[in-house]
Amino acid sequence: MSEIEFLNWVRGPGFQIAVIIFIAGIIIRFAEILMLGRKANLAEPKGSEMSGGLHTIVSRSFPDKSTFQRSTFTVVAGYLFHIGLFVTIFLFAPHILMFKDIFGFGWPSLPTPVVDAMAVVTIIALLAVLAHRMSDTVLKFITTKEDYLVWMLTILPLVTGYMAFHRIGMTAPTLLALHILSVELLLVVFPFTKLMHGFTFALSRWYNGAISGYRGVQS
Amino acid sequence: MSSSSVVQFNIQVSADLTQNVKPLLHEIKHALDNLIETGQTTIIDLRSIPLAPGEEDHILKTLGLGEVQAKLDALGLSEIIETQYAGVWVVTHYNDENHIISRFIEITTMPEILSSQTEDIMAAYSRLAITLQDDQEKN
Amino acid sequence: MSASLEKGINALKEQVDSTVASFFSSCVHCGMCADACLFYTETGCPTATPIHKVEPLRRIWKSEYTLLGRVGKMFGLTAKVDDELLSKWETKVYDHCTLCGRCSMVCPMGIDIALLIQKTREGMAAAGYAPESLIGATKRAVTIGSPMGVKLPALMAQIKHVENDTGLTIPMDVVGAEYMLLLSSMEIMNFPEFIEAIAKIFTKADVSWTISSEAFEATNSGIQIGVADIAAELVQRIVDAAEKLKVKTVISPECGHAYMAIRWEGPNLIGKPFSFKVRHILEILDEFRQDGRLKINGKEEQRLTYHDPCQISRRGGVIEQPRNLIDMFSDNFVEMPDAGKMNWCCGAGGGVSTNERADKVRLKVFQRKKDQLDEIKPDAIISACSNCRIHLEDGLEEYNMDIPLMSLTETLAEHLE
Amino acid sequence: MTNDFKKKKSQKEQTFGDVMRSQGVSRRSFLKFCAATASMMAMSPAMIPKIAHALENARRPSVIWLSFQECTGCTESLTRAHTATIESLIFDHISLDYHHTLQAAAGHAAEEAREAAMEENYGKYLLVVDGSIPMGNPGYSTIAGISNYDMLMETAKGAAAIIAVGTCATYGGIPHANPNPTGAVSVNDLIKDKPIINVPGCPPIPVVITGVLTHFLTFGTIPELDHLGRPKVFYGQSIHDRCYRRPFYDKGLFAETFDDEGAKKGWCLYKLGCKGPTTYNACATTKWNNGTSWPIEAGHPCLGCSEPDFWDGGGFYKSLSMPTENITQTAIYTAAGAVAAGVAIGAMNKSKKNSAIAAHDKTTIDDLEK
């Protein structure tokens, strides 16, 4: 297979396979979560489940002062790489073209050097997160192989994307193909690993807020 | 491309889009310095540098026209021009159809192609000798 | 019938619902819950990381209720729940967690880890991995009616004392009373002043109230050990008594988990809504305050602080009321850092105080409360949970701190005109 | 040069210098020629004296040009290159012994010329191929009854080196495009034991073809090649890296349509499907039509014609970051199917939980110990 054939494959059938697994996986995962159901609460309510749930979806992004002080690194590095991922994935002109091709609409992009710089920040943040995971007592203890796999699959598209943009090490078609392939790998494992939190975070935050909200506490 | 003008300045865009113009002019400056210090000549092939439309003209305009403008008729036209900066020459080769086939900036006391070539001198000597001999014989 | 692994696994399977599934789907192993848990912050032991404690439940969810887990199970790749795992997890689930729910407030994914621990305990208990002393307390609660073995004659003796001391009447089994008061064994045996205070306040407030001779025990060992069937049985006793006496409101006393059990879990445990309201004593007192039924005489000059009992504040929603009440008799009130819904547990809730095996660790993690107190140096601590109160006293003694502990209800009663 | 297929044998012994002198070309003209040649071969001007020396002594080579499944575009391109005096010198010098489009002879006479040239110059001649070779059925493309495959294999045997000209010869090109009905393959798919220089492009830049020929003629060697067998001097850098519109890409300024403000201002054509980022060719510096312009300068995105399978990249106007398949449709069908599957799997979960609830044994205080 030549490099352009490889590129055409990842842009064509490869991408298709990845999208099929991704979408089917997400929907099936949501179905298997939601259809388990939840018993109605029979206790006399003191507050609203809905407003508590919705509030927590948002408020859980902002830790209270004491939590921030105790988990400063996790919060800061977490914020950095999540913002970085958002910027690099959704505000880079070529990526928006891809979304436009699929959704039928696009949105404005950031200047390329900004996205480029953000990619570096994100890679550094992810490396720091890994170093933290490998050195912190708690993280070392609770980390599973899946955590490392997911870390690897998250940083790969960033590294290959950066390399493809700057043409480091290999020819441009190969780099671009590897970049797309790495994204496809990410899409394939997404529904079946903790990456799923990208979607279920809203659900679990809602439940948390609803449980508390019902009792009149804003969680 | 009129052949009446020795150098065609066809300026459309003069913005330094590719960021290659300034470094090139600096390279010429360094080459000139090198020529003064060591006598070493430098040749730059303008066709090896990616330039936006108008940038080549911008370079030529910056260099300007100097005292020497020579035409060469060898396998098509060639123009050898000393720019307003002595020692900086623009050598442009055309083919039969007046298309530019290559263009060089030479930083030298005189482009090699202007000098009479030893082989040509030797051939010229023979030719002249034969001509004179023929004349003598005729007379 | 006896406890078995099969029963435990079945119990865990029963516990998984959409909340559990979404919680486990969202965990990113960030470790922030550890920083929110006093069993980690004060011991530095990573096994105390809250989300780690619910591993048995996670495994059941993964292997039974996820596509990948089920496929993995066919090939023997998905981790199993076995006796070895459960016996290893017993201390993590019962000794190193007070169900305080602080982790649930901190998790960036919104995982209610305390709820997951509660659910995990259901499986642990069904499989026979509950601590000996909790089993004992539960048996006493069911057979005798109180985890501490307090029987009706003991209560009647205490009531007699109070009536003699105060000249007030404690109404027993009054049909049609507005309020039915529940008591914890701890209050009956260690703090009879509480009964005295209630008698005083309710008389002054001029409301009708009663205590049922058939269901006076507020605590619910079934909740703590994690056996819903037993918890339901204990709740049903109260429901029966309240319906028999036709009361409008059942009052949960100064006890954390009792409030959780009767107010929030009760109707769900017995599977139908209550025909009466359930309120915490602080809610009732605050209602009295709002209605102008409480007249206060003189202010407390000491520097006071309030210890939020987890099940009442964070998990129960009674946060404003104690502060409103303290304001009535104090101008010198100071909040602990992280007060309110983010307060730190005393270290003895969720059955930990009953669990003798955990005596050492609960005193160790008291360090967290000590640090909080050291920051504000109060003259006295007010609380609204007898269990917190006993443990705070133990802790203060252990750490050689001389700060008196007061019940909010009792202090309020002292300041009545 | 088109009509002198049967040059006298003595001519083949002459060096290039001899040819030039016999035609009365002055040394100064020769120098000019060398300078132009250096520029053409994308070599540093410092190489001019070396080129002059090498050319002086270069021997006249025999060239056999085979055309298979092709459109003659490559030959057209090449003939555009040699109208001028300078390049024609090269073609006057080489002995083009077989080229069935350009030669006067046809049929068996032409084949005889090829066979004669092969025999005479066995092991020394240069084989130039344009077009792909059909492997599906030998009858798809034949010359004088000989299949392309047979002719290539036979002619390649005695070649010193092979130059595959154009994308068809180098990668299969358009005949190889999906679904490749003729089973088209490239020269280097079939020949593994000869040095092959790939000169892809649809067509290749004329000067690049002559540049490669000149290199072989001048130095008698194969230029340095990249991993796809392309001379690095011409194919060493991507269009994108040498594109004068690159600064617009970096700034995020793109033409969105062919007639918008961006297009008028000459902004980057990435969004219009430009394949410059993944295409290696000399267009951005050498340009076309004697350096007049090139596709991107003319406002059209690069098609990526010098890369394999450029025809199958999902469309010339689909940018590189876009998927080549209809993902929207895929996503909709997948979602519909997955909802059904999800409901089934969810129902399995629910029934499993219900059976766990049904299997529940009421726990009493006697059940708390094992």
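We call the chains A, B, C and D, going by the order they appear; numbering starts again at 1 in every chain.
As a working rule, a residue touches a chain if its C-beta (ideal position, glycine included) is under 8 Å from a C-beta of that chain, and two chains touch if they have at least 3 such contacts.
Just so you know, these numbers come straight off a predicted model, no measurement behind them.
Peer 1: Which chain pair shares more contacting C-beta pairs: C-D, or B-D?
Peer 2: Contact tally favours B-D.
Peer 1: Whose Cα centre is nearest the centre of all Cα atoms in view?
Peer 2: A
Peer 1: Starting from the mean Cα coordinates of subunit C and subunit D, work out the distance between those two points in Å.
Peer 2: Each chain reduced to its C-alpha mean, subunit C and subunit D end up 77 Å apart.
Peer 1: In whole angstrom, how far does the Cα centroid of subunit A sit from the Cα centroid of subunit B?
Peer 2: About 60 Å separates the centre of subunit A from that of subunit B.
Peer 1: If you average the CA atoms of subunit B and of subunit D, how many Å lie between those two points?
Peer 2: The computed centroid separation for subunit B versus subunit D comes out at 34 Å.
Peer 1: How far is the middle of subunit A from the middle of subunit D, if each middle is the mean of its Cα atoms, in Å?
Peer 2: For subunit A versus subunit D, the centre distance works out to 40 Å.
Peer 1: For subunit A, write out the residues touching at least two other chains, lowest number first.
Peer 2: As it turns out, subunit A has residues touching two or more other chains at 28, 32, 34-37.
Peer 1: If I count partner chains per residue in subunit D, which residues reach a count of at least 2?
Peer 2: In subunit D, residues 345, 349, 353 touch at least two other chains, as defined above.
Peer 1: Scan subunit C for residues touching two or more other chains and write them down.
Peer 2: 16-17, 65, 67
Peer 1: In graph terms, with chains as vertices and touches as edges, which category applies: line, ring, star, complete, or other?
Peer 2: Graph shape, chains as nodes and touching pairs as edges: none of the named types, so other.
Peer 1: Which residues of subunit C touch subunit A in the complex?
Peer 2: Interface residues on the subunit C side: 16-23, 25-32, 34-36, 40-41, 44, 46-47, 49, 51-52, 65-68, 104-112, 115, 263-268, 271-274, 277-278, 313-317, 319, 337-338, 341-342.
Peer 1: Within their complex, state which residues of subunit A touch subunit C.
Peer 2: 28-29, 32-39, 41-44, 46-47, 56-57, 60-61, 63-64, 66-67, 70-71, 74-75, 78, 136-144, 147, 192, 194, 196-197, 200-201, 203-209, 211-212, 215-219
Peer 1: Could you pull out which subunit A residues touch subunit D in their complex?
Peer 2: For this pair, the touching residues of subunit A are 2-5, 7-8, 11-13, 15-16, 19-20, 23-28, 30-32, 34-37, 93-95, 97-98, 101-104, 109-113, 167, 171-173, 176.
Peer 1: Residue numbers of subunit D touching subunit B in their complex, please.
Peer 2: Answer in residue numbers: 25-29, 31-33, 35-36, 38-40, 42, 44-46, 48, 83-87, 89, 242-247, 284-286, 289-293, 297.
Peer 1: In their shared complex, at which residues does subunit D touch subunit C?
Peer 2: Subunit D reaches subunit C through residues 345, 349, 352-353, 356-357, 359-370.
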